[in-house]
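What follows is a single structure, written as structure tokens, with notes after it.
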């Protein structure tokens, strides 16, 4: 394909690749091997609280996870489950006035992000780890051209001159499937459609060939047919670059086709994590199971009422003594209301935070 | 909070002027001219030997009557025009907003001067004139808020229920645009105090012997070299009152507009 | 155009007949009739308006009823003072307002922010005429540094220092507040988060991404406040007895000099319209989403 | 006098009939070039809904489905065509008659936060339709409605901001049911809700439909939901219906290349299915409605057209919507699609 060619041409360039990414460029995408593995990101005990008007909101509680080199991991949850907040916290992108972030350690690519100075972290952002956001319109500066916004990354991190950056920007636009670049580079975000803007965001994020891409609901604002385009593009580029992807989404359907591993969050906590096929076929946490059962599927002739989860997600301002899901859970036992279960292994590299861990097929 | 206190104090002073004032504001005593501040005359006396403090206190009454009633006039008319323009859109919107643009093109004082010469200077006319000047501001805010509310689905819902346009405007639009309008009103009051003062200052506002903050400052300027306190004291009181209403407006904005809560 | 109709009607219905102020309190009937005819006052109202408008479009603003000189020429003579005064106050108000606004917006809660917030709320509460008087008291009466009043011819630009300060204080405070609010708003936008996620330095984020976007609403304020600024100029000129359009206008109103009032008001309205047009053009230049 | 839900209508006459409906919008042109540009959001759409039927309208953003819904509930007069409710053309009604006939068709909105007035209590919101139509026993009816949608009567005294999205959507449904309508127009009723809440609201809609014998016009982009509850499904593309038929026909025997692509694009939460399915990725995005397209309006993105070697007819002749009563398709090459 076009973009493959363009990148082979580029490899000899003046990129300052780290050891890890050079290995990836040689085409060796480390296969998923279970623990232990080389991880690109390892988060331990991440907690985020928001202080608003004297009230404390526990957005993320003791979240730990790991993303292997080149691995695609999905972080799934509903609004308010803390999935986006946890990702922003890792990159220190939360407003420091209101957010209180704490973690035992956040290891990215050999750096402990909890100890890194702002200026050092900045050198990693957009270079070794980058992000794509949900709403591509508000995520792009309306007053700058597409070209300026992409080349900015190249001049900042790779020290390219403006003309070198312009050349590379064209190649990047090519890579994400935007044709007619010289004109496109001078266009402004409002002149693009939603899907095109998201392609621009992706080009910008991948400009320095990061080791990890965090995609925060990248297709939520898009139509289904465009969503399919973007997900295919992301999947292809991931294979191409051998980069790891953390896909944040509420749509489990997207997860099935994309992620090697799936993490499920509920009310700020990780409730289940494991290989996507296991989690989706035999979820061991009642929340995951209920969620999967309640999704009406386009590939099934099933009519009438859906099996649904009763009740509502808890108010994040409330302190819950036991399992946050217990009030809605069909399997809840007395213990669930008293103490909060920790993640416990239920299989190879597969864990669920539940006292009961029902074993049923979706 | 400070703003609220100052605003309440100012209004209180205006309301109870006759109780608070130590002297008759119009009592001339030529033997007592240009007295410096003393216990008997805390602000001193003016060129006719009138007690300055009493005049400032009664001036508060005049200035605030003009400011508050003009804001009421401007807000009422402006909201009616703005909501009509925003809700019905199209031709009525064009017509009303062009008219507002024309009014805005004139420096407000110029408009005020012109109207003051037409209607003649009396307190009620002054309130009408300043109110008239304020119409475009209220109309603009009311219109843009109405446009926001109109785009909300609950307005569409009310229409599908068979609610009439008048019903929708009264029940749904007006209650939902009140927030920004209250803020604007509280920010308009200091503007009105200043405009009244400026008009009085130019000799087109409140006519002597009735004191207002504006004509007190104006009268004082004649003695700016010999007796600056005559300008300074009413001027400072005026500024404090304006400051109070401005702070009140800011505070209201923070309370009523969750977007500015930062 | 609408402006001219409004001015015309407003002045027309003003009580006080210009004839009386011209010929004296007890004119003879004949005298009045002749005079009215000369002035075109016996024509129906719309015709009067059209005649006047026709002349205006040719640059003829009529003749002053009292001095019998051309209105256009007296306006032209006074215009530079007012233009210079407003331009000066606007210039330094924008300079101070935007600089401090940026400084306090980007370093929210810091020392500069606290100081400028206090300054701005005080500044907003001091109307130009009062600011003028205070400045005169301090700099002319006490320190004797600047003239308390007088024309450009007498003192040159020195004559404008205090007036432009008096006029600019409130304006600077307004600009400061809007700039600050606008920056705080912009800093919460998605593209700022993107810029930070790209690894740009805080400086690049603030000046390349936040600044331009924050300036747009400030530009709108500049347009909207022009009328207020001219109002202030009018008062300020009177405080400092500067011979500009403001003093011309107040004088003309006092004497019911129709054509002069009409002409001056129209020129002022035109200035407001012109500034707003300039603002629209600037908008078009800065914001690619707006096509003129 | 005018039709309410209990009215006896001629047997088999449709409850709602939409004939050749067209909605246009003026296009905002730059200041110096203000012309009479218009975009056609809905371009001659016809269909009918029978009593007790769930009719789903599927389409992506820009397909015109929301404009169509607004025209049907007559909050925006259509620019062409007609809407017949119980056989009565809404355009022929005067203000009072229209208000009466509104009792028969009500709407459920997409955004539960924006569709309920934040300054009114739930009780006032629910009593508004009752007051407008001078229904007696407002209070008891409000309690009845709250119970009907699974909420506590005590909620009547509270304000919308005290509730979650799912609860508010129940209030929205209760308001729509207040006047005992025969038809509910549901515009994306669950797309603003969280995944675990969606099923609850869908189930409520299913239950109400069964218990009250309602008809639904369901507007949705989520094909899974449509498949779950619709009897008849119509697929819209750029203002026109391109495929319409019984649910089984449209989903299992799709005849329009767009329907096929749309369905293949919907992800399914199952790894095996996702890995083995053939996905058709359409090129580009739905063209802006301001652009005039000759021939078939889908031809710019059609995967079948390229596969068939770019037949000329696709770009020159607009295919009519034709077929059987239970399945009509607007494509020149339906046979090829089916194969």
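All chains are identified by letter, namely A, B, C and D, in their written order; residue positions are counted from 1 within each chain.
In the analysis below, a contact is a pair of C-beta atoms (placed from the backbone, for glycine too) under 8 Å apart; a residue touches a chain by one contact, two chains touch by 3 or more.
All values reported here derive from a predicted model rather than from experimental measurement.
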item: Labels of chains that are neighbours to subunit C and to subunit D; value: A, B
item: Of A-C and B-C, pair with higher C-beta contact tally; value: B-C
item: Subunit B and subunit C: spacing of chain centres that average the CA atoms, whole Å; value: 20
item: Whole-Å gap separating subunit A and subunit C, where each centre is the average of the chain's CA atoms; value: 54
item: Euclidean distance of C-alpha centroids - subunit A vs subunit B, Å; value: 54
item: Distance from subunit D to subunit A - Cα centre to Cα centre, in angstrom; value: 33
item: For the subunit D and subunit B complex, residues of the former touching the latter; value: 70, 73-75, 98-99, 102-103, 105-107, 109-111, 114-120, 128-129, 132-133, 172, 175, 179
item: Interface residues, subunit C side, partner subunit B - complex; value: 2-3, 6-7, 10-11, 13-16, 121-122, 124-127, 129-130, 133-134, 136-137, 141, 181, 184, 224, 227-235, 238-239, 249-250, 253-254, 256, 261, 265, 268-269, 272-273
item: Subunit D-touching residues of subunit B, taken from the complex the two chains share; value: 152-154, 156-163, 167, 171-172, 175-176
item: In the complex, subunit A residues that touch subunit D; value: 78-79, 193-196, 223-229, 231-232, 250-257, 276-277, 280-281, 287, 290-292, 294-310, 312-313, 328, 362
item: Residue numbers on subunit B that touch subunit C, as the complex places them; value: 98-99, 101-110, 113-115, 117-118, 120, 190, 194, 197-198, 201-204, 217, 221, 224-225, 228, 231-232, 235, 238-240, 242-243, 246-247, 250, 260, 262
